[in-house]
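The same subunit A turns up in both complexes below, where it pairs with subunit B and then with subunit C.
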Partner chain A sequence: MDSGRLQVSEVGIARAVVAAVRRVPGVADVSPGRFAEAATYGPGEKVRGVALARTAGALDIEVHLCALHADALLLPELASRVRSAVRQSVEALGAGAVRRIDVAFDDLRVEEA
Partner chain B sequence: MNVFNRLLIILLDLLLLVAAGAVLLTTLRVTQPEQLAPIPWFVDRLVPFTQLDPTSWSWTVGVSIVLLLVGLLLLFLELRPGPREAPQITLKQDGLGRVTVARDGVRHLVDREAGLVAGVMEVRSHVEEDAAGLRILCHLSVDPTRSVPELTQELQERVKMAVEHHLGRPVVAVRVDAQVAALAPGRRAGRRVR
Partner chain C sequence: MATEEMRQRAQSPRGDTTAMRSRATELVTEEGKTTIADVVVTKIAGLAAREVAGVHELVTQGVGGAVTGLAQRMTGADTRSQGVDVEVGEREAVIDLRLTVDYGVSIPQVAAAVRRNVMSRLEAMTGLVVKEVNIDVTDLYFPGEEASTQQIERRGA
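Now for the complex of A and B:
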């Protein structure tokens, strides 16, 4: 019998995660990764900046991003906000439990006046 | 050591290995000098090792083996890759996962903060991480009209405060290597920060 849970593709989850991360104040953009490409691959498309893996049914999510440099920037706090946003976006999709969210700041972007 | 010196040592070491190996093989009569040497000059150098008295033979074999071992050790030390620093610095690791920042990102932050100190013309920084926290080294080019000790102190305080504030990791040391920049006559010091 079907459990009634909606099946969401990994690319769909990654797209939602990217959109949620981009909305977090202090995030300049997602980053494709500095040393190896961080992306989620689907049929005919890939979503850069987010890598997903499933371990025992739970999601491990790796988010790569570029932070906006400002006096008020606190990277650990920004990471917490990013994690909250990621968790909420996955829960809103009904895509299952999230086990781990790794946040990698690949660069600090300075917006010149 | 620079690349040229390293290549020179590797080349000389290979010559030592070839020579010691050829002498050893010849002395042990494993092969004839004519088979080893591509040119007559080298054959002439090897021929005497086929006619050694027992004492000289023992010494030659012993010294050749020692030289071969030393040559191999030197080659290993020269070719072995140096320790590579991790490209990321871990800010936090908990049950929810890991938070990291790219080392280059921290360098950019340090360079930016250092560049805001009056009198700093050029900065190149290096960031290391250990269990106690971050250690930062700044190579500076400074305006000769400024007091280097004062500038250095201001820079150390500014960099330490900024990095601890933004990253939330303690900075245990900010070392400064300042070099007074030569100014072109009649030209004001500009600021050039990488």
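Now for the complex of A and C:
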């Protein structure tokens, strides 16, 4: 049964992704990208740190972030936690299927002891 | 859907070609018809493209952006329709845009955002189905080149 359409703007999705990524322990913040700006562009605004591409309804998400340095830091493990947080937040929006989530660690934040 | 479209197509009057060209679209109903001029479609597309963050400005065909911008400011020409060409059928439209982007942005990402916004705005405001939005990025804008025309306030995440 088709009871209507649900639409979420790309900028809205990007904002949800940024919020989810920031809540992952081990993430210092999202990063605005290194060689080209990593952002989702919308009318009158942009959301930095996340780039979205939608092909045939499925989303490819690129997340740029700065990790917190720690003795037990394992980037592949942090990446998979980021991936599942992103996937969860996008699925909670009902904004369509997520195909790929690319994670780029642009920087490392080292806290001085 | 198809039969509805065919019925409306059959009902729409076949004027001479010049009259048809100046008319963007006709939404023919039992109670009357609605026409939308090409210039309306052009302006909506131009404004929709310009409001996307990362787009610096739209530029007129064939001439360098900076020169054209200067000429436009001096003559006071309507800048809202510059850099936009439209081809409009009865129900569908194809949009061609020429624009400059801010240095540093991802051009494919900004182009995709422009395409999305132009399509959404036009479909919502006119009811036209936008088949294509072709984008020609003609130049880059470096901040500080002409500080007075800075148009989009950056609201970072």
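Some observations on this one:
Heads up, the rule we're going with is that the second predicted complex is superposed on the first by the 108 of 113 C-alpha atoms of A that agree within 3 Å, B and C clash if a C-alpha of one lies under 4 Å from a C-alpha of the other, contacts with A are read in each partner's own complex, and residues count from 1 in each chain.
The rule we apply is simple: a contact is a pair of C-beta atoms (placed from the backbone, for glycine too) under 8 Å apart; a residue touches a chain by one contact, two chains touch by 3 or more.
Owing to the predicted nature of the structure, the values given are computational and were not obtained by experimental measurement.
After superposition onto subunit A, partners subunit B and subunit C are found to sit side by side with no clash.
Of the two partner chains placed around the shared chain by superposition, subunit C is the only one that A:Gly49 touches, whereas subunit B remains out of contact. In the superposition on chain A, A:Pro76 contacts subunit B only, with no contact to subunit C. Using CA centres, the angle subtended at subunit A by subunit B and subunit C is 90 degrees, rounded to a multiple of 10. Applying the stated contact rule after C-alpha superposition, one finds that A:Ala39 touches subunit C and leaves subunit B untouched.
By the touch criterion defined above, A:Leu65 lies against neither subunit B nor subunit C after alignment on the C-alpha atoms of chain A. In the superposition on chain A, A:Val27 contacts neither subunit B nor subunit C. By the touch criterion defined above, A:Ile101 lies against subunit B but remains apart from subunit C after alignment on the C-alpha atoms of chain A.
Touch criterion not met for A:Ile13: it reaches neither subunit B nor subunit C.
Superposed on chain A, the gap between subunit B and subunit C at their nearest CA atoms measures out to 16 angstrom in whole units.
In the superposition on chain A, no residue of subunit A contacts both subunit B and subunit C. Those residues of subunit A that touch subunit B in the shared complex are 34-35, 60, 67, 69, 73-76, 79, 83, 100-108, 110.
Subunit A makes touch with subunit C in their complex at residues 10, 14-15, 18, 30, 32-33, 36-49, 51, 53. Against subunit A, in their complex, subunit C makes its touches with residues 48, 51-54, 104-106, 109-110, 112-113, 116-117, 152, 154-157. Subunit B contributes residues 87-88, 91-92, 96-102, 104-105, 108-109, 112, 165-168 to its touches with subunit A in the complex.
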